[in-house]
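Before any comments, here is the structure.
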């Protein structure tokens, strides 16, 4: 589904990703773990076309996408749910969701997707007309996830959707992700600080440290891995 | 007398609002401002003039002709000169735009002197008969200018509120990055929005051409007015622009009559300065 | 001061002293106007190029300086030389007032406020014609009288320009200048480094305005007449294009731009009179689009900055 080969990404001459490669199969649920500043957001934004890799290639459904603009990538069915949300503060929840279906190909089944999002996050239905900037942090995160789902994506890139949320809300959101993966058959690539939860719900994981892939494997194995236990789970 | 002044103020205020919303639109989508906005007004006026004198068009053809030409001109200017703002991811787009569009202002104005001649032109009246509103006699031209301006402003408001493209523009204003990942092609929307903004200015110029007569330097005053409208009404608020335009039009007409016509322009400037300094979000703006 | 700056300064002085001997006399006026623009634009370069405040009302300050000095000469018989000081002082004072006001606004709102100020100044000058002479202008005494008055006025301008030039160089290399650049480049970072950004904004703005006032007073007393045209939008256009063509934020930019613009204008006035502003505006547009460093960028061919750009260009 998604294949990344030896990608190097720089910010004004400072390298953030070093020859990162990974591969994700159709309908897989994969997570990327790593400490702050490891390069997780950088990697997801590079896939979504917000950053251009200096070297390396990215294929989505066997099609090179590393030269494409972000708006082209969005219309291919690859949706990024960014860490900061990037919501439209002055628009209502409903309009925010509608913007998720902006690509022409996505405009046909808005009704169905909207219903699915409201089914996933019933609070949003009650607050349809509320401006996004007046929502709580958790509700905002739900709008961000919902907006990503509106284009019925083949693959979702989620950047720390649980950032700064209460444990109970985190559970809600992670549960929703499992549902999306199962019911909608959407491939998911998730980055998380919350390593324990992430490994519980995902099938495979990559560990990113200092911009390099440090380790990879099935989630169960990673949960039992010494390095991860010692450095991330505090066991 | 008072009633007549107020009605006149409203008609001219609607034209100001039309100038202001174009500027606000450009500011929203491209995050820049355009010093040459008034020059498109001037060009629109001349285009309507030539369309009616050389091609014999009635106003319902000549005004749209002016709009189409200014749209194309605006789009070309964006493509050639302003697009580096988004293709090169500039750090200070506003500084670039300030200088660039100021250069354009000088350029268009000087070019107009050479091409159209430095003299004043008076286009034929669009509507020769007068109209009576509440018993006050107003020239048909003024009523037409006010009415069409109102229609265009409201039309733009509906477009922005209801259509996909309009929603995309608003989204771009509020979060550029969000708009990008949602599939908005900012490069394309920029030249379209720039074209539309210029076409609105062109329409304003075409509409008032028979009232104020044409000369190459007429762009200055409407440019100023459009900034005043934007500052008073609040950025990105069409309702605000409308109210601000009317407010400005009415105070100015009254001020010119009761205080002194020499200080007519200063009134608007003082109002703008007041709002910028003490209520920077304007009447209806958020933040 | 760097070595090459001293060389440039000395060269300008030497050329300036020789010029009246070798050039026909019309050029004395022309070059004096170049001096005027150079002082004026050095001021704007400090405001926008150094401090990053896009003042769109800069042309109002020579008007203020010029009218102040001319009115003082008219009413209390102040000598034009003291008038220069008075003009610079009053313009600087108003610069402080406007500078304090614009602390509240950013980006292009700043530009609007300064513009509004300039327009109001212009309206007042034109409307209060009993005092200012309205559009007809106001007579001002010249610096010197007698057969060589113009020549002395020319030397006066040369001296004032060199004064402004030296000040701008010293500022550029000083601690103060660094504070201004910090405000321009990243105001939040500057703030967090403990720089009093509000103070330096007002300082940069008022400093540039004061130079503009000086320029205006020189203009009035050199020509013996000042009219509202000095504060017009066209003049703001010249200020902007001179600095952009010369090289924004560089020490040589304003002088280079002033001489280029004024001399070219004179040279083409014979066969293309009326086209000069059109031509300059095209040059300005092209410079902004393709050569953001202006002339200074062409001159710095060997500088690392241009090299980097060139490499980027080749790589693409």
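Residue numbering begins at 1 within each chain, and the chains themselves are lettered A, B and C in the order written.
Convention: a contact is a pair of C-beta atoms (placed from the backbone, for glycine too) under 8 Å apart; a residue touches a chain by one contact, two chains touch by 3 or more.
All figures in this text were calculated on a predicted structure; none of them were measured in a lab.
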Closest chain to global C-alpha mean, per-chain Cα centroids: B
Two chains sharing the most C-beta contacts: B-C
Between chain B and chain A, distance of the C-alpha-averaged centres to the nearest whole Å: 42
Centre-to-centre distance between chain C and chain B (centres being mean Cα positions), rounded to whole Å: 31
Distance from chain C to chain A - Cα centre to Cα centre, in angstrom: 53
Parts of chain B lying in touch with chain A, wherever the complex brings them together: 164, 167-168, 170-171, 174-175, 177-186, 286
Complex contact set, residues of chain C against chain B: 52, 54, 56, 101, 104-105, 107-109, 111-113, 115-117, 119-120, 123-124, 126-127, 233-234, 237, 240-241, 244, 274-275, 277-278, 280-282, 284-285, 288-289, 292
Chain B residues touching chain C - in the complex, by the definition given at the top: 33, 80-81, 84, 94-96, 98-100, 102-107, 110-111, 113-114, 220, 224, 227, 231, 260, 262-263, 265-266, 269-270, 272-273, 276-277, 280
Footprint of chain B on chain A - complex, ascending: 48-50, 69-71, 74-75, 79-80, 82, 85-91, 95, 98-100, 102-103, 106-107, 147, 151
